Each structure stands twice: as structure tokens, then as C-alpha cells.
Amino acid sequence: MDSPLIVVNFKTYSQGTGEAAVKIAAACRDVAADAGVTIGVAPQLCDIYRVSSQVDVPVYAQHVDGVSPGSNTGHVMASCVQQAGAVGSLINHSERRLNLADIEASVRAAQAEGMNTIVCTNNIPTTAAAAALNPEYVAVEPPELIGTGVPVSQADPDVVRGSVEAVKRINPDVQVLCGAGISRGEDLTAAMDLGSVGVLLASGIVKAEDPRSALEDLVSQL
Amino acid sequence: MDSPLIVVNFKTYSQGTGEAAVKIAAACRDVAADAGVTIGVAPQLCDIYRVSSQVDVPVYAQHVDGVSPGSNTGHVMASCVQQAGAVGSLINHSERRLNLADIEASVRAAQAEGMNTIVCTNNIPTTAAAAALNPEYVAVEPPELIGTGVPVSQADPDVVRGSVEAVKRINPDVQVLCGAGISRGEDLTAAMDLGSVGVLLASGIVKAEDPRSALEDLVSQL
Amino acid sequence: MDSPLIVVNFKTYSQGTGEAAVKIAAACRDVAADAGVTIGVAPQLCDIYRVSSQVDVPVYAQHVDGVSPGSNTGHVMASCVQQAGAVGSLINHSERRLNLADIEASVRAAQAEGMNTIVCTNNIPTTAAAAALNPEYVAVEPPELIGTGVPVSQADPDVVRGSVEAVKRINPDVQVLCGAGISRGEDLTAAMDLGSVGVLLASGIVKAEDPRSALEDLVSQL
Amino acid sequence: MDSPLIVVNFKTYSQGTGEAAVKIAAACRDVAADAGVTIGVAPQLCDIYRVSSQVDVPVYAQHVDGVSPGSNTGHVMASCVQQAGAVGSLINHSERRLNLADIEASVRAAQAEGMNTIVCTNNIPTTAAAAALNPEYVAVEPPELIGTGVPVSQADPDVVRGSVEAVKRINPDVQVLCGAGISRGEDLTAAMDLGSVGVLLASGIVKAEDPRSALEDLVSQL
């Protein structure tokens, strides 16, 4: 089994904001080093620079727009995100959906800055569509399972399997992550057994009583 | 004439991104100190922490959402913006418009963190409506003049006068800024003569060949 | 007590779609005539012409955009709505929110066609803001009560009273409707006792087993 | 050469609103019958019933949402559109873009009512993505050419060729239309020579001094 990509999404949890974001990022760095895996963190936009300048960990933005330099007040420009220290970005998370043309523009803008792109999708057809846009990753997350603690790998393994197959057929260069309800080591290995190369997770780590031990449990079965 | 509030919006200009944002912010701090006025800066979201941690200048966000801690991936939470060092935020800029309920929620969320709110509007009726939401400032900017170099105070003084009157009638606690096309000292004094307490400006400073001397010209008539 | 304005919103209920919309509209017309009140209907956009050409009842659109003739595919132009037979429109319903500039443009566009405008709002500050835009009506509906069957006049009378007061202060030309959870005669009179001039209601009529008798109950206390 | 599909989008042109929509639809019906081709019309939502009940012509909606029966005020439900007489719908037109999950939901909702779906896209990657959603048609229209009178088949033939190839590779069941700047007979045949099965056009017909003769010119080279 190859080493998985794990990305921890801090959402707008208070437990993952400001200095608290730095602390969880440090835990991710330490556990990743001990386990020999890659754990990326996706703090809030305003925390990217704070985290990246203090912790040696792959930082992802939670969102990036496809805008170029210019009159785009309030928008998230890829080159600004990259200069703030991010190595990649989530795009089209179910809590921050974009129209199709904008997803494509965001993927292109982020890739032009050398960033990894993870396009989030909600089912097999949208995963297939996202793969056609040639991001590095597609992350399938049935919205109804997000935040439930019930792992997608258990509640709906077919959506993961079907996504992996659809992506292989449409664009084999793209790799599949899965998310929604993932928190424990067995969820991660189940996700990989279904053909995904990693997971996107959030509350299971960030809102855990002890995020570091939650991370240790997550990687314990690798 | 009271000392005006000047806010420089860096938009997504490359000249105001990353380290360049820090440099323009430092110029704003220096010119403000020399002239005895307040100059705030509104860099991109990912640059707020970088600027605020290096330059002693009032930093504004370009946008803030009304979200609470929780599952709001990619959204801009007021407490995160505040912890990153911002003292206020633009809300509803014409390049990042919000629905009415969200403007109200953003104003409340930012104020709950002790931040100043500047709600941007496009004409007299929307200025009146924004004043009813009780932000600290309303900034009226006719979108057709933004970025033209033709100051609103000259092209359409009635929209400024009318906005000042409407706000006085609806909610005299709110103060009026004006924007669009402002760049020189005479634009600023004209804006104040029309009853506004300050200006929102962008390209005239950030894209100037020499932002520092553009700022010096801006405050030269006070 | 003046005769109230009652507007029945058909939403996208299957019980209020197509020919079923025509039938409920006819019931509204009949009950209104018997009771000497005004009952308007707000069917789906594609049903406006069908209803207005078959039933002599005031028809409202559920939504209208502020667009002018031109390249606005998929948008709802006021003059088209008016030519289809509508006499007014809901604007900014909580299920179809608009940004502030667009609410203002929609109100202006609809009024230019001689249509009544009912701007929907979610709390007292947004009601005050909407009143500043000078529509004919503002309809305050706390979203958390919509569809519950618990009338706003009972669950949160202060939001109605406060809205009426705020509107009186900001723009006494505007009249206040209230909605959310309204279905029975006592809800209507309670709403009017709180200072509103009428109600917006939906499921209580459209999804009733017998819409005609639900309407008869609604007007029974006038 | 197979008989093409021609769809005339009435946008919100005043020349294609209300009774004027009925007249242009009648011209489309007549010219289609004379030439032995299929010409569909896409009037505004509020004109669908008016047109379909008076003219025997395939009527398309300009937009449809993916909503089910329920609390979706102001939304466009597929079953309502279908009951109003439409046989299909544009989805995601560049003037009415949808997020990816909503495009998929709209396609499914329309197909569940037996309607044809035409998903509009702006370049080759988004065309490929849309094809993965399995609509009946994808219509590629570079937004910068819309309304220019310069046909895409001449200004950017590669976007049409590339779209046809991408769709063939991703999902050969989907057929490609092209749009933007199409108005004359030679534009239509050029579009078909590039592999598309038809065209989407608008101002070239609806705003023509004589729509009927513009339509006759359009089909003159078949």
C-alpha cells in the first residue's frame, strides 16, 4: 500500500483558528514524520501565512478563485495564496461551491502557481466531470455524510468505488481522495482498499478532545 | 475639517500582493504619521496576518462572512480575521456582493469581534438601506466610476450629497465614505466638502508608479 | 380593521403546479369574493400566464430580476412577468435571496412596470433596510419558522411589532406583511393586531387537504 | 449531412417577449417545416406556456433548477416547466451559470421529466466535464464571442473541433452544439463541418429586422 495523502480541513472551527491552528498543524507535522506519511492542513485563508511561516507542513487553502491580478476585491487569488505559503488548495468544497467555469479557472490558476488542486465533488457523475478538468486530485464527499462520524467507506462504499472507476476511465492522471465521516485508522485503510489514495477529514481531528492522539489513531493501521 | 478616514483597497493587484503589500502598508503608515491622518489598508485575506504582524497600520479585510464557528469551509469568519490582526472589514464591495441577510450577519459578526464595518453601496437607496443595518461606515461607490480615475466627487457629486443626507435621516450614527475614481488631494477634500468623512481608494495608490508620493499627494491638501 | 392583503405562495409544491395551480387560484378568487378581501396568488414563474389567463385573481411572481431587455438568459425580466399577467412580485424571498444592489434594481424594474413589490426579509434590521428601498410592502418572515405551522405572530410577536415600528420610522409609505407559520384565521387577525396589513402564507393553504376550506378558515375571523 | 438541431434563444430581448415571442416562434415553426429541419425556441420562463399553447414548435426553457417539489420559492422546477409545454432546457448558460452539483441535479431533474438537456459550456475542458454528466447535448459557446456577430466557427474553430473530440472520448452518447456569433447559413454549415450537430443562436434571429428572413437565410445552405 502506497503512502496516503491525508488532508485535515480546519473549516471555521474555533478549535482550528489562529494560534490553535498553528498547534494542530504542528501535531500534523509530528505525527506525519513519525508515521512516514504526508499530512496536509487546510486552515482558514487568514491563517495560511501564520501556519506556513511557523510550521513545516504542507498547507492547503480551503478555497481559491480563478481570478487574475486586477479588480477582484474580496477574492482569493492563487498567487497570493501561494506567496502566503500554500502548496495546494481545495476547490469547490460542498460548503463553498463554484460554478463549472469557475472551477476550471481555479484549477488552471492554482496549477499555474505550481499548486496541487483537490476538486471536491458530491457523487459519481460530478466526480467524473471534475476529473475531466484535470486537477491533481478529486475528493468525493457525499454531503449528507459530512460531519456525521459515519465514514463514507462504510456508509456508501459504492460511491468511492464508482468514483475511482469513473476517474480511471475519464482521466487516469487524476487521483481520488474520499471524505465525509472519516476519523479512525480503519476508515483510512478502508478508503484505500476501495481505491482512493487518501482522505479529506475535518471534525474527527480538529474537534477531537486530543487532536494529536486522534491523528495517531488515524495512521495506526498503515 | 476633521481628520478623514482613508482606506486603501489592495484588491488583487499584483502590486499589492505578498511582500509588495507589506511595502505599501509601510508607506501608508509613514505618510499617515507625517500628515496626522488615519490611513487603513485592505490587503487580500491571505495577506492580513503578514501585513499586520510586520507593519503598525490599521488593517481591514476586503470581505467577511457572517458565519459562526462550524462547517463553513472556504468562508471568512470574523474572529479569524480579527485574530489575524484586522481592525475592520469592507462588506459587500461591488466586486464581492452579498445578499441582504448576509450583509446584516456580516456586520453583526464583525462588530461582535470589535471590528469596524464599512458596508459598500452603489447608489443612494442602497446607501440608505445599508445605514439601517447600523454599520460604522457606509461607503458609496458608483460601480461605473470604479477604476476610471474620474473622481465620484466630480463626476457625480449628487450621489455623495444624497447619500450623506439619506444616512443622516435614517441613522445619524453612521458615517459616509465615498469611493470610485479617487486618487488626488483635491479629490479627497472635495469628497469631504460633500459631507463624507473619508474615502475608499485603490488603483490610484496601489498601481501608482510611486505609491508613497501618490499617498503624499492625497493628504497634501488637508 | 382594514381589509388585509393575503398572498398565497405556491412555492414549488406539486399541489400548486400546472393545472393544480389554476384550481387553487380559483379557490382563492372565490373565497376572496365571498369574504370581501384580497387574496393574491404567487404560482411558479412558468405558471403565471396559465393562471392569469384562466382565473381573475391578482397574480404575483415569486421572483423578479432587475434586468433590462438584453442578454440575460434565464433571468426574469419584469416586463415579461407583467405581460404574462402578474400585478406584483415577491423579491428576495428567503429561498431566493438577492444581493442588496439587485434587490434595489428588482424593485425599480417591477415598479417601472406598474407592479407591486413585496420585499421579503428575515429580521428587524433587514426589514428596516428593505423599507429604505421604497417597495410597496416588506414581508418579514423569520426563516426558522417557515413551514413549521407555528405562526410568527405567536412564536415571535416582537419581530412583527419591531418591524412595523422600524418601517414607520424609516419609510411610513411602506406597509408590513408578515409570514412564516401562518395558516388559520386567528393567525391572520393576530398578525394584524401586531400592526401588519396582511400575511404571506404557503403550505398551510397549498398543502392543505382541502385548500378551499383552509382559505375559508383563514378569512373567518375578519 | 444529417438535419441539424437549431435552438433560438430569446434571452430577455424585448423583441422576443410576450406576444412578440409567439410571433417569432411561429416564424421558426414555418421555416422549420419548409426546410425540413428542427428549430426549437427558448423564450423566457414566463412565456413558455404562452408560446407552447399557441404554436406547435419545440419549446426549451432557458434555465431549470434541480429542485424537487417543496420549499423552493422562485426556483424553476423541471416538472413545472414540462407541464408548461417545454420539451427541453438550456442549463448553465454563460448568463446563468450553476455550480457543478446543481448542473448535475438539473440534468437529472429534467431528464426525469423526459426533457432534453443542453448544458452550455465555455471551453474544451468544461465541455468535457459537462459530457461526463450525460446530458443529451453540450453547447460550447466562448463567452467573448456571444453577441458579437463573429461566428465561433470562424473566430475559433478549434474550440468546436476540440469540444467534439473531447466529448467523443468522454461520452460518445452526447452530441455537441455550438453557439456564439452564429446567424447566417454559412455559419451553420461551418459549425456542422466542424462536427457539431447544430447551433444555439440568439440576437442574429431575434433582433433581426426581419426574423423570418433571417431564419430562411440560416437554413438556406442545408
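The letters A, B, C and D name the chains in turn, as written, and every chain counts its residues from 1.
Note that a contact is a pair of C-beta atoms (placed from the backbone, for glycine too) under 8 Å apart; a residue touches a chain by one contact, two chains touch by 3 or more.
Keep in mind that this is a model prediction, so the values were computed, not measured.
Within the contact network of the assembly, the step distance from chain A to chain D comes to 1. Farthest chain from chain A (centres taken as the mean of C-alpha atoms): C. Chain centres here are Cα averages; for chain B and chain C they lie 36 Å apart. If you average the CA atoms of chain A and of chain B, the two centres end up 33 Å from each other.
Chain geometry summary: the mean Cα position of chain A and that of chain C are 43 Å apart.
Annotation for chain C: residues 94 touch two or more other chains. Interface residues of chain C, counted against chain D in their complex, comprise 9, 11-14, 17-19, 42, 44-50, 61-63, 67-77, 79-81, 83-84, 86, 90, 93-96, 146-147, 202-203.
The part of chain B that touches chain C in the complex is made up of residues 92, 94, 97-104, 121-123, 125-126, 128-134, 166, 170.
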